[in-house]
Amino acid sequence: ADKIVMQIDGAAAPFYAPLYAGVENGIFEKNGIEVEFIYAAAADILTNIAAGNVDFGFPNGDAVVAAAANGLPVKVVHTTYQRGIGALLAKADSGITGYKDLKGKKIAVTSLASPNYLQLQVGLKLAGLSLDDVSVEVVQTGAIVQSLQAGQVDAIVFSELRKYNLEADGTKVTMVLSNDFLPSFGNVVVTNAAKLSENPDLVKRFTTAVTQSYEWVIDGHVNEALDIALDKYAPTWPKDQKGILTTAFEQTFVPTVWQSPLTKEKGLGAADVAGWQKNADILAEYKVIDDAPKAEDFVVDPSTIGQ
Amino acid sequence: MSGRFSAAIDYTLALAVLLFAWWLATGPMGLPTYLLPSPLRTWNALVTIALTGELWRHLGFTLQNIVLGLILGCIAGIAIAYVMTRFPKLAVWLDGPLVILQTAPKIALAPLFIVWFGFGVLSKIVLIFSLVFFPVFVGAVAGFRALDPKMKDLSKLLGLSSIQRFRQIELPAAMPEIFVGLKIGAVQALVGAVLAEWMSGKVGLGYLMTFASATYKTPLLFAAVLMTVVLGLLLHVALTILERRLLSWKGAARG
Amino acid sequence: MILRGIAGLIATLVLWTAIVFIFQVPSYLLPGPMEVLNRLVFLFENAKLLRHIGVTLTEIVAGFVLGTVIGILAGVVFARLPRVERFATPLILLLQTAPKIAIAPLLLLWLGIGPTPKIVLIAIVTFFPVMSGMVTGLRYGEGSFRDLAAVLKLSPWQSFWHIELPSALPAVLAGMAVATTLAMTAAVIGELMGANEGIGYLLSSGQENSDTAVVIGMVLLLSMIGWAFYEIIELIRRRSLGRFQLS
Amino acid sequence: MEFLVSQSERMIDIAGVHKTFVADHGTVTALEPVSITIKEGEFISIVGPSGCGKSTLLRLISGLDQASGGSIKLDVSGRKRPVGFVFQEPVLLPWKTIIDNVRFPLDTSGISRGQGDKTALDLIKMVGLAGFEKALPRQLSGGMRQRAAIARALSDDPPILLMDEPFSAVDLLTRDNLNDELLRIWQSTGKTILLVTHSVEEAAYLADRVMVMTARPGKLKCVHNVELLRPRGEETKLDPAYHALVAQLRRDLRTPAGEAH
Amino acid sequence: MEFLVSQSERMIDIAGVHKTFVADHGTVTALEPVSITIKEGEFISIVGPSGCGKSTLLRLISGLDQASGGSIKLDVSGRKRPVGFVFQEPVLLPWKTIIDNVRFPLDTSGISRGQGDKTALDLIKMVGLAGFEKALPRQLSGGMRQRAAIARALSDDPPILLMDEPFSAVDLLTRDNLNDELLRIWQSTGKTILLVTHSVEEAAYLADRVMVMTARPGKLKCVHNVELLRPRGEETKLDPAYHALVAQLRRDLRTPAGEAH
């Protein structure tokens, strides 16, 4: 079997359960692949992919667009998350129900270069507000959720997944999904452009294994997959949160994140090239990147690999 | 003085060699820009932000934090080291917590510093302070401990007051070791300032780095890295000159 | 020393509990000692905590020893040849001040994933304080010992072993004490660059999950390792005190 | 052997003082019980073989070390700094110039800088270091450092002066000069002086009484009264009584320990 | 003034050697040009006022310092360690015991531990430190430390021995004993010895020639041949020629610098 390294965004979490279950159930092995997971920040993953330090990455989609715009030779080979998982989160008792309520409030994002910040700007604009109406704080990943909990900020624009952490901690939150007004993509499989052209067979086998892994979970194995993830891969995660996670998987991830009308038609990981292009255009419009890259240059539909 | 002059030559020469190696890696060896931008691209990025004035805003902010944290860390490091060597009984109780606090990796605690001390400059100064304190403290403890017993005899004999004893005998005698701590502390202050800005904030060289890194503006990232290195070098040179002046009585061996 | 250790531990726990209790700190900001202990027990039972500790400990020991040895040797060279020191200073400061995360992809590129880049990173941060201590110990040490070495025409190795190392020992030990704290930080950074085991890995997963108790627990474990290193260095210092204290 | 002195005159009262060091290589009795009463204004010389406890005795009197037993009383009511000490090795602050070192006791007792400088410069001239005021200790020769230390001990005019082989590293001529300067200062200020020396001539020339000690275990062998006329000078050295005393001291030092003379 | 010696006998050839120190407080001429040729196996004493450049001269000969001008040639073909040096202050390694300090030159020249111990113990006994083999330097008295340093300098039997006031801190009896031991060693090994001392008696008693130096600027005033019989001993001290030389040296030292005698 080919030994490959896959670098995943952030840290081991039960949200990556399908990949872990795929390994445990021998799906990768069956495709002739032996996989090792390591973890890092999204920007580092893309640099590592470009440099050839790792074989595959699983970063956030926005990071890939920015990387492509800056000429990194990276290719999305499996649009695993069909929509973005960025979201505005506020405590339920704050009275904030949407962007319109943010006037005069304090909002945290992880970076002025982050997609969160872009989502905030677009969200405010659609609600008839602008950055001048709010005050923005920059807080890193390791502290942003606590800053909301501690009341240091009124709202954060961050990942939808944090809703589950907060609820597990007993904090009721209001959430506005950014994807509703700003299409983007969550975790996607990325590889090096050269690797794709030199060894399409390996990439094909890998994306196939990813697809099969997610299919197994979608096919009614949420419970087993979560057990595998919680037992063997994300053991720091409190076990008593399995209920919340099961709900999240069944009500959100399976129906709306991993699957979309497009995947019904072309299979899991299908490339919504138009969606990617729109995402890139908006990033350019808001000056997160200088020029929008062409989506077909860095997004590949899994079905076309090796043909 | 010819010594200082030749030191400047050596530093310049070394920087030239580094620059050449850098150029070699990016030019002939062909490391791509997203891994290591060429010196020229980095220089251009630097000039661009210098001309827009953005650079000076970031640099000024970082420098201000560094200096503030360094001074506070130094004073506290020397003071607590002194108290602990003077009152060894106290050390039994203070040593443990101090070491535990110190060996706790600040990079892991940095996010928590923000929720503990707020978004403002306080959390940054606390972080820098916590990084500077320990090297200076350890250096000063070593210095105060190494005091020649004959000097102790002298101060006892002259019935010096605590302040006289500290100012006139113990502090000057401990200076060489304190400087070791200070030089490490200066580097730590830099690391701390960048780390603090990485954790939160919208200004400073550290912020510039996260921004550049997240947007793959690698030349800008390395321009900011270059600025921190230059800051580090300047701090080091300043401390070395100060050390030379304060410790000239030692007649240190020179080349 | 046992007394010192216990006293320190008790003082820390009391202070910690008091802060949590008096200010009614919620656990997402600072969990109490018991809560952290519970999480550690949980990780021990479920997450092969000991294996992660073993991985990190190995990296730290390897990096620390490597950095210390190179630091001592470089210190000797620098103290003897100040020009070499001046020449090397920019590179050393570059390695020390350049944000490690900015050069992480380069380190991975040159050293691969696996433990090597982590060990190298720890060695880099350990090197500096040890080297500084050695240089200072030698440069400002007793001039008369240099005369003795010159009269006896000692070989470089002999004067290093018999004269320079013992005279510089207090300063080197101080450098090593500082290095322990830096090594802990470097271990974390190393494992943030890309890892799937180790204390830093568990820590980053705690951070990602906003699980403050795990973060504090891992910080505490690293503190304990650092503390153990510190006490070993203290032990060497005390052992050598009678012998090495200048009269 | 002990003097009977009126209470008010007693300056230093040493009763059964002894000192034992415990070290890895064994226990060393540095000083067996010593008793002696020293009057105010007395000049005492101490002679004895190397390692017999002379320095130890001075350190005990100064309070730098604690005796293993016995008592030492100094009648120096109210003086903040009762004793000046010239250590066996010159303990100069290496970061201070010679004048700063000599002025150091004055600086730290609140004397004005101007006044201090005057005193210090006079003393520096007296010990023959004029021109080296701004030198650092490491730039002086061994004997010059020793003289700087003597000047320092004299600068703040302590009532008791303990001197541990102060002139061992200086040449004959300088030594003679310094001997006479010391006598002059002693006579004009009425200090109580204890001086350790290996020169029996010096011991006899300077002192009112000479303490002779014997080696391991360190012990006070005898005390000689020096009945030579004051003030002393070149004539003293021609006095047969002086030579007789010197010869006697020499004999004392040559007789094996324990043997009474 | 200079000796004419056959080429093969010349051990140390000093020609126009001088030394100037530049310091913040001014330029100090430590040594004006000195020329002298010292024969193999000669015993030279050096006397002179404090600060006249005696230590400086020894340091130049040993190669520890560089002369500002002139040349020094040592005829020690092939010897790895031509000179032994007893510094003016005992430079003992504080972390080594006395025996380890004394054995240090042997340890670092590849002599076996057993052989080294034997030599070291003999020397320690000779300088009167038996029983203190395992003591650390700080546990010794000043004179004892000085004696340990003497033992160390003798341990590896160097052909040239430079001694800077080696006996200044020891008592008369010990000093006499050590003088005689030194003569014995010198006679049996044929060393070339240069010894700085402030004792004109010692200088005359030991040496073949005595160099007299004058103070600032340090200068070689004259060299006396000592025509006393060998081997020397108690009788030497009764020899009128010895006393005449001592008196002459005393006069030399008392005459102001520059004035020829």
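Each chain gets a letter, A, B, C, D and E, in the order it is written, and its residues are counted from 1.
We take it that a contact is a pair of C-beta atoms (placed from the backbone, for glycine too) under 8 Å apart; a residue touches a chain by one contact, two chains touch by 3 or more.
Given the structure is predicted, the values throughout are model-derived calculations rather than measurements.
Following the contact convention of this document, B is the list of chains adjacent to both subunit A and subunit D.
When the C-beta pairs in contact are tallied for B-C and for A-B, the bigger tally goes to B-C.
Ranking every chain by how far its Cα centroid lies from the centroid of subunit E, the top place goes to A.
Remark: subunit D and subunit E have CA centroids separated by 28 Å (rounded to whole angstrom).
Here the CA centre of subunit B is 50 Å from the CA centre of subunit D. One finds 84 Å separating the Cα centroids of subunit A and subunit E.
Among all residues of subunit E, those that touch two or more other chains are 89, 136, 138.
Touching two or more other chains at once are residues 47, 51, 141-142, 146, 150 of subunit A.
Residue positions of subunit B touching 2 or more other chains: 35, 111-112, 115, 149, 198, 213, 250-251. Chains that are in contact with each other form these pairs: A-B, A-C, B-C, B-D, C-E, D-E.
Interface residues of subunit B, counted against subunit A in their complex, comprise 32-35, 110-112, 114-115, 118-119, 198-202, 207, 210-218. Residues of subunit A touching subunit B in their complex: 43, 46-47, 50-51, 63, 66-67, 69-72, 111-114, 136-143, 146-147, 150, 152, 288-289.
Subunit A makes touch with subunit C in their complex at residues 5, 7, 10-13, 36-41, 44, 47-48, 51-54, 141-142, 145-146, 149-150, 162, 165-166, 169, 231, 234-239. Those residues of subunit D that touch subunit E in the shared complex are 21, 23-26, 28, 47-51, 54-55, 88-89, 97, 128, 131-136, 139-144, 147, 164-165, 168-175, 198, 200, 250, 253-254. Remark: subunit B residues 6-7, 10-11, 13-15, 18, 35-36, 91-97, 99-109, 111-112, 115-116, 134-135, 138-139, 141-142, 145-146, 148-149, 176-177, 179-181, 183-184, 187-188, 190-191, 194-195, 198, 206, 209, 213, 221-222, 225, 228-229, 231-233, 236, 247, 250-255 touch subunit C in the complex.
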